[in-house]
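One chain, chain A, links the two complexes that follow: it is found with chain B in the first and with chain C in the second.
Let's turn to the complex of A and B:
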């Protein structure tokens, strides 16, 4: 038996992640403890940024981001579930074509797709409004520049991130299990709740986590589609860094986002067995 | 069963709606690029390719593509290298810390991307490094390397270790085994990993926002020009950029075909 070189192979990645993932997190925390509006890292640390983070109304953007992320996760899950079931059930050329068609937009920049959504929804001369006006002489309003538009954008962008993990999850449900439950007289609702959801849970968890976290950092949806109707936390952070030139405050808000993310991600990652999902 | 047909139709309509909804905005971009006015009035009174002519004549188009290409190619290189080595630790060998390694390595994927970019920006500035396309490469790689590692690992799970053992027993050297057995088995995974890395980097917006400095990659330029100073040039360059990435992917696929035919 040869010596097991696993650790040696892991080493480059571990070093890279320590340098470019873990160390930057430490630096952000350090910055967040600096006095307001300072640009250097010193030992003069304190919690004043966190105190003003809660006192000065930065809670609202964070709430909006959390709410948007939660709603998007829920809605994409509801939309992706039947889609995943259908795509899994029907294999063959059509199903693979549809799967490829759904995957393709992920690789088109989200700034392009969101811009497309905004010209589609634009009032008056927008694609939808203009077409309806020209063909049927119908005038319609727009949801552009509202919170709803930002939410629609988030759902649109993140749907594939929910669907593909969910497809892996749905594939983990043995077909005979559903048959057996049906034969024993279970209703469709009971089959969904007692059999399908628990068995597909790993996929749902990965998809949900990915969607929620990506939404928490999402900014372009609110900027391009939401107008001034909603300010998300990443927009506030950017504003602190760029216009206010208050890096420590921006860093403190960033740390709050990291804390929320970590509180969700760490327990979930401990529970998910990616090995089992990927090794089919 | 008479209900069967209805259910099948419902399914077709559902999937059709999903696909249509995903593509409507993309079609809208193409339609918007065929106008010649700053304020869109659809249907256009004049349908024209002027915006594409303007984009072709504008040097910014080339610069934007070159920056995005530079970043994407570097990300591909870094993530294929680190991802292949990392996948060996992830899926090929069973070692003591493997389960912990597998969990820690996916963490960056589950992190908000602008936060990753910001954290890197602050670190760079603490070290006195000015952000440029090179720092954007680092930011992209932090998120993309774990994904590529997973993509390559999927292939490795089905890999039969006994082949390597057999080759060693037959007197092959470590290098020969790597070249003749391990790499060919890994090759499809490496190829898909490279494809993923390229496409994810090319289209990524949030990781570049803070990290690219004065070098503006394509998605970032599109994002800022959508908000201010809009003209049909913006959707035209969006369409061109998407086409270029598609062409590069086709080129990579053709290269793979050629290589496969040779061996």
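Let's turn to the complex of A and C:
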């Protein structure tokens, strides 16, 4: 034991990880293999929950979650790229202020912000509709309780998670590479495609992963802004555990989400060199 | 027969950053196929000037013509010029071949043709062909220089700009690359505009040299003219160690103020005397007694640091019997007035 003190120092963490990370995972996987609506962990294991996951209409919520996460990731990336470029170019007091304003809402409860957005979007006396009506005599409807509203909420909540890694990514593009590309005849579009995106790729990848994974696990946006227009997989899982009292089914759906997430995250993480990102 | 228009014509080119004038009203013709070098200390505006020429910045005032066509407003990506950057600015996420082919890819040259041209360019800059698929990050400093040069040549530019590309390279490799660059200039026949802080480097390669100081050209001339006939102490001192002697005219006939020697024909306020023009022993010309304070062996030459009165001087002598003097000895040193370059400022 004296030969390997590192193991002893790591022991508390290893125990904690086993107890609070590995053990719950094992329990979830075990439950997912139990017969439907059972509450005991027995050796009577089978795949019937997974079969019903694909057969009994659980595919739709999973599809909505994946689609919502993919769309949110794409749109936040498109919005965050020019934002990151501008903030990087104007480093100084002004940029720090804007950055702080974008970061600030993260410290406010997500539900509070979403209810705020809900009040903003409300028809008739809502902030947007009411103001337009009072000041410009313009009457508008609302997107509240639609899939679009849920998507807007997702973009609004997750924008900072895309922006901040992307700021790091944009900071990895040396200005002289852009000038060299222009000098060699590249148009703005070619500079973006050939130089800026590849050099900022680690930041884009981290931001994309963060946003995608968070969106996959999000349900407040759909619940508060989407009304009944859309049911996401997390809402289904919650419902399985709570109202339906079908722990094995909820566990099976949870495992499926984890598998999908892992299939996306692990290949991407392998391509990221965090050391290179943080050194610059 | 009418002369062909100059490759590049600068007319009153000026660049201001706020209240600071980096490039101050420069007018100049650069001939087709010329190797033109701009030499200046840091902060002289030479990098700002070359950025204007390459189109990376736009001048505050003034015009720029390429073979008679006004290109002042043309952005860098539509100018038939290419630059080798001080940082090289290689695309580290691409291979050697992809770097060299970049400009051709932007022009839409088919891949097979691009590859053939890239291999030609690799040969031209003396890199083995099997470097083509290598990541540029695996290349040494000198190899990266060559890749940067091949990449710039890959756009088949009419004019090549160099912004101090050799400043971060060790001495021996720099000497090799200087000669190769000069040969490359002769072989390609393109116009080269080169920026450096080293007049020595400029001397080796250039057809003409411009000495730049605070946004203006102090002197323009061939290397020989700059070396033999500098027009100011600033230009003279740029070539490294040099003796500058002030001429005093207060006591009737002009004389070298510090040496107390008469200078009957003194057409300038200062005499510039190269160390090799000062030698031990009294000859036909003026001579004086000096104490040897330091003796440095420079290989084929020996350098003596001298003190005459309150003046420190430097003399360089070819290795041989005349370099036998030792530190602490006093000897007579003389020079030929014909070797003096006279300057007024």
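The rule we apply is simple: the second predicted complex is superposed on the first by the 263 of 280 C-alpha atoms of A that agree within 3 Å, B and C clash if a C-alpha of one lies under 4 Å from a C-alpha of the other, contacts with A are read in each partner's own complex, and residues count from 1 in each chain.
Just so we're on the same page, a residue touches a chain if its C-beta (ideal position, glycine included) is under 8 Å from a C-beta of that chain, and two chains touch if they have at least 3 such contacts.
Every value quoted in this text rests on a predicted model; they were computed, and no experiment measured them.
*Asks:* Will chain C clash with chain B on chain A after the two structures are superposed, or do they fit?
*Replies:* Fit: chain B and chain C sit side by side once superposed on chain A.
*Asks:* In the overlay, work out which of chain B or chain C sits against more residues of chain A.
*Replies:* Residues of chain A touched, chain B against chain C: more for B.
*Asks:* With both complexes superposed on chain A, which partner does A:10 reach: first (chain B), second (chain C), both or neither?
*Replies:* First partner only, chain B.
*Asks:* Report for A:75: first if it touches chain B alone, second if chain C alone, otherwise both or neither.
*Replies:* neither
*Asks:* One more residue to check, A:251. First (chain B), second (chain C), both or neither?
*Replies:* Touch partner of A:251: chain B, not chain C.
*Asks:* Is A:185 touching anything from chain B or chain C once the two structures are fitted on A? First, second, both or neither.
*Replies:* In the superposition, A:185 touches chain C alone.
*Asks:* Looking at the overlay, does A:177 come into contact with chain B only (first), chain C only (second), both, or neither?
*Replies:* second
*Asks:* Mind working out whether A:119 is in touch with chain B, chain C, both or neither, as first, second, both or neither?
*Replies:* First partner only.
*Asks:* For the superposed arrangement, I'd like the angle with vertex at the C-alpha centre of chain A and ends at chain B and chain C, nearest 10 degrees.
*Replies:* Reported to the nearest 10, the angle reads 90 degrees.
*Asks:* If we overlay the two complexes on their shared chain A, which of chain B and chain C does A:230 touch? Say first, second, both or neither.
*Replies:* neither
*Asks:* Considering only the touch criterion stated at the top, classify A:198 as touching first (chain B), second (chain C), both, or neither.
*Replies:* A:198: touches chain C, not chain B.
*Asks:* Look at the superposition and give the distance in whole angstrom between the closest pair of CA atoms, one from chain B and one from chain C.
*Replies:* Minimum over all C-alpha pairs: 7 Å.
*Asks:* How about chain A: which of its residues touch chain B in the complex?
*Replies:* 2, 4-7, 9-10, 12-14, 16-17, 20-21, 23-25, 27-28, 31, 39, 41, 79, 82-83, 86-87, 90, 98, 101-102, 105-120, 122, 124-127, 129-131, 134, 156, 159-160, 209-210, 213-214, 216-220, 223-224, 234, 237-238, 241, 247, 250-251, 254, 257-258, 261, 265, 268-270, 274-275, 278-279
*Asks:* Provide the residue numbers of chain C that touch chain A in the complex, in ascending order.
*Replies:* 54-56, 75-78, 81-83, 85, 87, 89-91, 93, 102-103, 105-107, 151-152, 154-155
*Asks:* Can you list the chain B residues touching chain A in their complex?
*Replies:* Chain B residues touching chain A: 11, 14-15, 18-19, 21-29, 31-32, 39-43, 82, 85-86, 88-90, 92-98, 101-116, 118-120, 122-123, 125-126, 138, 141-142, 145, 149-150, 153-154, 157-158, 168, 199-200, 202-206, 209-210, 218-220, 222-223, 226-227, 234-235, 238, 241-242, 245.
*Asks:* Where on chain A is chain C touching in the complex?
*Replies:* Within the complex, chain A contacts chain C at residues 174, 176-177, 179-187, 190, 194-195, 198-199.
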